[in-house]
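A, B, C and D are the chain letters, set down in written order, and residue numbers restart from 1 in every chain.
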Amino acid sequence: MISKIVPSPEAALAGVPDGSTIMIGGFGGAGQPAQLIDALIDQGARDLVIVNNNAGNGETGLAALLKARRVRRIICSFPRQADSQVFDALYRSGEIELELVPQGNLSERIRAAAAGIGAFFTPTGYGTLLAEGKETRMIDGRGHVLEYPLRADYALIKALRADRWGNLVYRKTGRNFGPTMAAAAACAIAQVRDVVELGELDPEVIVTPGIYVQRVVAVGSAA
Amino acid sequence: MNRDQLAARVARDIPEGAYVNLGIGLPTLVANHLPKDREIFLHSENGLLGMGPAPEPGAEDPDLINAGKQPVTLLTGGAYFHHADSFAMMRGGHLDICVLGAFQVSVQGDLANWHTGAPDAIPAVGGAMDLAVGARQVFVMMEHLTKTGESKIVQRCSYPLTGVACVDRIYTDLAVLQVTPEGLRILDMIDGLGLAELARLTGVPLLPLLAPIH
Amino acid sequence: MISKIVPSPEAALAGVPDGSTIMIGGFGGAGQPAQLIDALIDQGARDLVIVNNNAGNGETGLAALLKARRVRRIICSFPRQADSQVFDALYRSGEIELELVPQGNLSERIRAAAAGIGAFFTPTGYGTLLAEGKETRMIDGRGHVLEYPLRADYALIKALRADRWGNLVYRKTGRNFGPTMAAAAACAIAQVRDVVELGELDPEVIVTPGIYVQRVVAVGSAA
Amino acid sequence: MNRDQLAARVARDIPEGAYVNLGIGLPTLVANHLPKDREIFLHSENGLLGMGPAPEPGAEDPDLINAGKQPVTLLTGGAYFHHADSFAMMRGGHLDICVLGAFQVSVQGDLANWHTGAPDAIPAVGGAMDLAVGARQVFVMMEHLTKTGESKIVQRCSYPLTGVACVDRIYTDLAVLQVTPEGLRILDMIDGLGLAELARLTGVPLLPLLAPIH
């Protein structure tokens, strides 16, 4: 009998090696896998490449991971915010690399990795600083930039409910990057509020089929 | 024209049934001025369509926020989707209108709104470039002049671009201008402002109002 | 007040000009918009380009449209079947053009049109007859073919339920091409079993948001 | 080895927890032989994961079919999705195994299974090319010889290809062969068949069994 349920965030993060590329879901607080990020901090892997929409807020979560000097490089769309002081300081002192990607290209590169697309031409970013050095092409009279898939070793995401096969449903705008990051990572780890019995999730309504999920941990309403 | 008047002016041009994304900052104000008798569908790039107004104090839901990370509500009939689907909706030309703030817009419709280009600035782009290229019509909404009195409408942007030739219309506190192949055409001006004065303040050639558009 | 509901299949097909490109959903009988196809036959547009997984079965539906000599070209993945005699005869006599596309490339080209992707590199079909004449590229040591978006003037699809904003949910494997075809067409027309009140479709569960749908017609359980 | 024995032989090599697509035709038989004590997830490219057996007569649902357009059921815990998502699942390398029929397989693992190449044939490809490139392991399941006694395992395919160097393992009524950079290695043979006889029937070089694999 297959069960992807693990007993704790610690167990969920077991075995993450140094140098891993890790996608972290969430947009603002919505969909942010806070317990998994804390477990990653405790777990100790370093020299990480992180993919997230932002680059940490305040002093907790992703910002705390950065502050612990565990991240070599961050790939994101919107690092600078009012409370991104940890990232800002590391960036200004040259202690972290930044790859800035327009948000839709970030999403689509993750989706391309999930979907086995080798590369794609997108109009987003054409003619801007963020396309410098990239291959471009006019298609139907419009400028496009060639972008490549973004894969990860791990994805840490947050969903609402899961079953033992790893099927997931999300809650409101907490869905955001979860489904595509899960599918783009070799090992997708989901923290959920509840684990339910197989069959309690309506097959019409499952957003992430279990094929994309390797480990699930229930964290209760703390999530 | 103050910020709310400007927001009301933009709102007046959004027709019933339009699918619209309102950018972070000044454009957000447009939502407050949409005519109540029109059904207009607001999109937020973090994954919702049919965005409603801010919740009552105390009724905020941390899982229901907009692209500016502010708590919002969902209208009856709205829907949630994931980020890649949301940006596909934007990039695929399905939004009728997006309204964006700007540092500068050029006469060709080039947009600069994400980066000052200052050497020590930490850049952040978010969804700005996707909105610029994706919507059927891109409206820019901004002060006509900088705080030091320079025109934000320019022959050529000095700030790094967000998108090339992507702006369709510019709403400022002084005028409404349409980007056309011939140049910027005046669609509307505030009362009491003359064409010569507007042209002087703007510093680029302007084509006069052709005829009333409504 | 916005309502995308139209009173009949005839009204749903009104105004389709000759020469249109029309996507038709369905895989086998599942998700096949039979009433809309019949209404298209009645409507009379000719010189059509049809996008469908197949090329008609038996003598009804798409096969009847073909038999009426209304289709100039068909883009599909699996034309030849035991009961595709109408297509077979037209093809052998040179009366219809065929563009054969691997099924996943067909889906992904429709999705690219919906998503504003200018072109994409896919491994599917590399080194085969179906890639002849196409641009290819090695990416990470693997051969890829460049494929372009597939857009349509109209999409005819079948869903289970809709509301007046055009939000749709589907039923089981009837979902198939519906969501992507709706989003790739300038005018998507859905036949549904039931039209429900706004708000009766759970926002977490809507598969096709109304932005992608222009006309909806309820056909009852006949669908 | 008859068709059911062959299907049982393939089924034996599918481990618990595997995500598997069984192609149309002969591979469909594998489903009947999967060990009942293993949870194995069957995918069908028209948009379901967790496919169950055929329904009882009279319980067919026209909206619940497989890629062969036959009525099927969904297991408890299964899920539906749309076509583009389904092919993304295949192309993205998420399926552990797909089992395909074939006209020919070459020693390099080239697969020909969609088109005879006959000049008057009407071609039809369906999802064959997507399955060939997408799954982590591609198993081919076929008769070793054509009806006229020619080997279907060839130095170079004469039929049009479905995919290049995509096959990992070949299951026939005579043997199981692994495609390796050094050539085809024998993993298993039916009782009573000698290596020399297998090599003669196959007509391409074969590498002998190294050691028991289990």
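The rule is short, and it goes like this: a contact is a pair of C-beta atoms (placed from the backbone, for glycine too) under 8 Å apart; a residue touches a chain by one contact, two chains touch by 3 or more.
Keep in mind it's a predicted model, so treat the numbers as computed, not measured.
Asker: Report which interface contains more C-beta contacts, comparing A-B against B-C.
Answerer: So, comparing the two chain pairs, more contacts are at A-B.
Asker: For subunit B and subunit D, let me know how many angstrom lie between their CA-based centres, rounded off.
Answerer: Going by mean C-alpha positions, subunit B sits 54 Å from subunit D.
Asker: Could you work out how far the Cα centre of subunit A sits from that of subunit B, in whole Å?
Answerer: 29
Asker: Rounded to the nearest whole Å, what is the centre-to-centre distance of subunit A and subunit D, using the mean of the C-alpha atoms as each centre?
Answerer: 34
Asker: Give the residues of subunit C that touch two or more other chains, as numbers and ranges in rising order.
Answerer: In subunit C, residues 108, 111, 115-117, 122-123, 170-172, 204 touch at least two other chains, as defined above.
Asker: Could you check subunit B for residues that touch two or more other chains and list them?
Answerer: Residue numbers touching two or more other chains: 48, 74, 80-81, 87-88, 90-91, 133-134.
Asker: Write out all the pairs of touching chains, ordered by chain label.
Answerer: Here the touching pairs of chains are A-B, A-C, A-D, B-C, C-D.
Asker: Going by the contact rule at the top, pick out the subunit A residues touching subunit C in the complex.
Answerer: So the residues of subunit A in touch with subunit C come to 108, 112, 115-123, 137, 139-140, 142, 144, 148, 169-172, 202, 204-205.
Asker: Which of the residues in subunit B come into contact with subunit C in the complex?
Answerer: Listed in rising order, the residues are 16-17, 19, 39, 41, 43, 48-50, 74, 76-81, 87-95, 133-134.
Asker: Please give the residue numbers of subunit A that touch subunit D in the complex, ascending.
Answerer: Within the complex, subunit A touches subunit D at residues 1-2, 111, 113-117, 163-165, 167, 183, 198-199, 201, 203-204, 206, 209-212.
Asker: Going by the contact rule set out above, which residues of subunit B touch subunit A in the complex?
Answerer: Contacts found on subunit B: 44-48, 61-65, 69, 74, 80-84, 86-88, 90-91, 115, 120-130, 133-134, 160-164.
Asker: Which of the residues in subunit A end up touching subunit B in this complex?
Answerer: 27-31, 77-81, 84, 87-88, 91-92, 98, 100-105, 107-108, 110-111, 122-130, 143, 170-180, 207
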